[in-house]
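Two complexes, one shared chain (chain A), two partners (chain B, chain C).
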Partner chain A sequence: MSQAVAALSRPRGGRGVALLSILVAGVVAFFSLGLDLRDLIPDRGGLTVLGKFFSRALSPALTYEASFVPEGTQPLLLKAIGSVFKTVLFAAAGLGLALLLGVVLGFFASNAWWVGDVSGNRNPIFRWVRRSMLPVVFVSARVLIAVMRSIHELLWATLFLAAFGLSDTTAVLALAIPYGGMLAKVFSEIVDEAPRDTVLALKGLGASPLQVFFFGLVTRAAPDLLAYLFYRFECAVRASAILGFFGYPTLGYYLAASFENLHYGEVWTYLYVLIALVSLLDWWSSAFRRSLAT
Partner chain B sequence: MSTDPKDTGGSTTTAPGSTRWQQITTLRRQRPRRRFATRSLALLLALLVGAWFVGNFHLDDLIATKRIENLRRFANEVTPYPLQGQPFDLGTALTWAHEIMMEKGWSGAGKTLAISVLAIVLAGLFSSTLSFFGTRTLVSPEPFITSLRPPSKIRAAGWRAVVGFTRATFVVARSIPAYLWAFLLVSMLGPTAWPAVLALALHNTGILGKLTAEVNENLDAKPLAALRGMGASRSQIALFGMIPLTLPRFLLFFFYRWETCVRQATVLGMLGIVSLGFWIQDARARNYYDEMVLLILASVVLVLVGDVVSIAMRELIRRRS
Partner chain C sequence: MSRECQTGARFELRDLEVDYGSTRALAGVSLRVEAGEQIALVGPSGAGKTTLLSVLNATVRPTGGTIEVNGADLTAYSVRELRRARSEIAFVHQGLNLIPNIRVLHNVLSGRMGRQSFLGSLFSMLFPGRKRVEAVHEILDRVGIPDKLYGYTHRLSGGQQQRVAIARALYQNCRAILADEPVASVDPARARDLVVLLTSIARENGLTLVMSLHNLELAQRYFPRLVGLRQGELAFDAPTSDVSSEQLQALYDLSASQVVA
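For the complex of A and B:
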């Protein structure tokens, strides 16, 4: 009864307006792009590609399609497995560095350890630091995080390619910077919104603000933090595969090369490998989340 | 604990062998253990650290002499062209930036925004429709209410197949990154904005569809069972029972995904579709690094604007639901 009353007393009338304005925005976007529905039907050249491409969907290549394969070339399937290895390697290294950046920046971008109920320190020096220094650190950490994650990993890669030239390290950096920003943002938000029950208990025992932060808040937020880390690993693997389009030796590199050589069977092999890899990681991260929930 | 509270309250030592220590070890032994979670975490961390030892990654390589020279040349070229070798003058820099923005920046940013909006609206339409076909509780021989006569096995399998097929479509759609979808579509549809729009729409349909189907399944079953009891069909349950209940959550996901769409739409331009990324790639190809950096900064502003709008909308939804 009371639930029904609560439901009735909610502000209403917003939904229809919201949905309608979303649809209007879509229509405006359609016309501003000057799109033509007829362009959705491929022209003759496009149709040929389409036909040839999809005719190989159920028969991915198991060996190379090229008529001449130089002596000593790795078998296709080994190459595919090797590219998966590289893809995961780049993603893991990128996320490893991102985790480091995310934890450090996330700490400074979180306000739970120096604002409000966590810090009850009466020490005048600490209070001076808190009032004058920490807000500056806090704001600059936030700005840094915003810039890091607002530049897409492929744009970071473009920048690094121009600045340093092609090397595996630049690919890892291109992944680590935006992902570090994202981890820092989400970590700080999760920690700031974690339940405060343990915090109160630890404060009652006389723990220092930092002790309260690390043993009361971070531990309380840990399941969510780790679940997010797993989810990000899946994203990093996808991003790492795409970095191949920029010349790094991950899945995207071989896929693009096969596509440009019109070896569509090989393209499907790489596509299926990618789908299998991402699905596996998807399963892993949701299984991890489920095992934390029970 | 069975120990006398006076006993533990009084003792302050936690030396091994004391009652307090015993209590701690018992508590430790009784703590909930999640073997799968612990092992997964250990494996993930081992991967993140191990990759640095296995791969050919050296952060110090970036400050090697050759790279530093590259970097110095880059830093020089990043200075706005009219200011290279000149004393800094804000007016000149602004004129230079204004010209590039008028010629490419604003139109590129507008196109990026339009691509992201159209893509997410399409993804919203597709995924909200498809999500019901992937909802196990709804797509079953007896949704929410069991009948007296058990349904035949063949019918049950048919319904399960519908759910399975929809879920598999979601998996494929979302495991292929938008950039890869766009790469494949450009070769078939040519360099209009469609490949970018469709690529983003497909990838996000997979994500939104899966998330919405899960929300549908976790809804409180009672009101839906009541609808069924009054003779509502499956589509009526979906339209008048599920949509009103899932809508707030769906809109939260919708705006969250739109944020990423803005980011992605920029980058998809690198495949030859006229969004900001096209001009970024173009500037890079011509070695106009000053222009490239300016346009990347424009994309940052665009992304931040998108974030602010999205956060405001999500806050509004949260407050009203």
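For the complex of A and C:
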């Protein structure tokens, strides 16, 4: 019986091994870090803070909790909505710039447009240039992308803050650089995986390599590219909110201030507005993807 | 149909050889195709039909021999000149090879790409303008799907998509249509309709038509000249009425192919 089962069982492939090693690594890490679940039991002070914080979950503040509010301060709800708007603005500006970077770098980093697909030129000089220069372009694009995306947006923000001081431009740049790298990487992969049948057809009717790349590959990959872009926009909105902790005028700025002043009701107000925004984006992007699919 | 080709292309192949690495796809093929002629390429799978059509379309360079299109030697052409030559020859593929997730209009418009710059093609895709849209509509009307102008290509049936591919070929303003098993993925009744459509369009516009076909019956019925390919070599090249059933039998005969191999 067991022999029969063994004969039937599928040979274990790389996927099973990978999954198993991740699990093993997790267990090993857990013990080597000496993780203790008792650390999650709060002390008396922590318990009061937790209690105070979560007790306001169902009663977020509608007005400021501070005893003194200066004359002419925006009402809390208006400020919350305004800061969310600012958050989206930063995310949009950052992602817009990232899209530009991603498309250009993704083009140079993809295999599709130059490996073998360029029509066979017999001119030896052209061939030599292609063979020696294009790998350089390709590799430098890949390295640049790796550098851009391996440094987190918050690290870029810290760096820029130290170098240029607080300015909205640096916040946008801090978002645009890692996101541009991520978009470039994923774009080049999606484009490389797009089916090549249309490439053949467009080449056959005399299209240039750039036309073949753009219309034959990018157009085919467009639904996947757009879906990924939407996902990245969600991430950018969250990152932009967090940038507020560094002093940029996004949601995180007000969130941090309220938290430090122990105004937990206000914290929940800001959190709910953020959750509402992310859900809205999620709904929008899935509706958009559905419209592409059918 | 004002925007279509006026005169058919002439092809002349001499001792054509094509190698893919160590595999010989075509050996010593000589063939003359006159302007406006209609030829069916027949032969078993792997006989070199697709390779021969690709050479005629200037997408595969021969390793030996010459190919002339309208008297000009393609083997001497630069990349730019090859692109220009391709833009005058339309290719209807076995797979549909359309861009699936765009509208029919834009797939047909892509036919002109070979004569446009990158920005020019981008502009005409984004802002086709009334004249271009009307021209495309006219062609779609001709191939029998005028109501699909703004339809998404991947939502059409296989036969309708093949008509879009034919429309793209027509809009290309070509002088010849090469078709590689254009009816392989449609049912017999529609296959016949498509062959009739392609042959009559080619005749009306004076285009040269070279079509590879698995279906011998269709080839014999609608084409005045048959070219048989086998193992990369020309088995016969004659008016359809002169091709004997023994010749056709031998073309597909498995035991004979083993002898040759």
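Everything below uses one rule, namely that the second predicted complex is superposed on the first by the 263 of 294 C-alpha atoms of A that agree within 3 Å, B and C clash if a C-alpha of one lies under 4 Å from a C-alpha of the other, contacts with A are read in each partner's own complex, and residues count from 1 in each chain.
Here is the rule we use: contacts are C-beta pairs under 8 Å (C-beta built on N, C-alpha and C of every residue); 3 or more make two chains touch, one makes a residue touch a chain.
No experiment lies behind these values; they were computed from the predicted model shown.
Visitor: So, on chain A, is it clash or fit between chain B and chain C?
Guide: By the criteria stated at the top, chain C and chain B clash after superposition.
Visitor: Using the touch definition from the top, say if A:Phe233 reaches chain B (first), chain C (second), both or neither.
Guide: first
Visitor: Between chain B (first) and chain C (second), which, if any, makes contact with A:Asp197: first, second, both or neither?
Guide: second
Visitor: Once the structures are superposed on A, label A:Phe215 by its partner contacts, choosing first (chain B), second (chain C), both or neither.
Guide: second
Visitor: Touch test for A:Leu262: chain B only (first), chain C only (second), both, or neither?
Guide: In the superposed model, A:Leu262 contacts neither chain B nor chain C.
Visitor: Give one of first, second, both or neither to describe whether A:Leu205 is in contact with chain B, with chain C, with both, or with none.
Guide: After superposing on A, A:Leu205 lies in contact with chain C but is clear of chain B.
Visitor: Give one of first, second, both or neither to describe whether A:Val143 is in contact with chain B, with chain C, with both, or with none.
Guide: After superposition on chain A, A:Val143 lies in contact with neither partner.
Visitor: I want to verify the contact counts: of chain B and chain C, which reaches more residues of chain A?
Guide: Partner with more touched residues of chain A: B.
Visitor: Of the residues on chain A, which ones does chain B touch that chain C also touches?
Guide: 292.
Visitor: Can you name the residues of chain C that touch chain A in the complex?
Guide: 57, 59, 61, 78-79, 82-88, 90-91, 93, 95-102, 110-111, 113-116, 118, 121-122, 125, 168, 172
Visitor: Quick one: which bits of chain A touch chain C in the complex? Just the residue numbers, please.
Guide: Chain A residues touching chain C: 119-121, 123, 197-198, 200-208, 210-211, 214-216, 219-220, 222-223, 292.
Visitor: Hey, which residues of chain A end up touching chain B in the complex?
Guide: That would be residues 10-11, 14-15, 18, 22-23, 25-26, 28-30, 32-36, 39-40, 42-43, 46-47, 49-50, 53, 88-90, 92-93, 95-96, 99, 146-147, 150-152, 154-155, 158-159, 161-165, 167-170, 172-173, 226, 229-230, 233, 238-239, 241-242, 245, 252, 255-256, 259, 271, 274-275, 278-279, 282, 284, 287-288, 291-292, 294 of chain A.
Visitor: Of all residues in chain B, which touch chain A in the complex?
Guide: The touching residues are 34, 36-37, 40-41, 44, 47-52, 54-59, 61-62, 67, 70-71, 74, 110-111, 113-115, 117-118, 121-122, 124, 171-172, 174-177, 179-180, 183-184, 187-190, 192-194, 197, 247, 251, 254, 263-264, 266-267, 270, 277, 280-281, 284, 289, 292-293, 296, 299-300, 303-304, 307, 316-317, 320-321.
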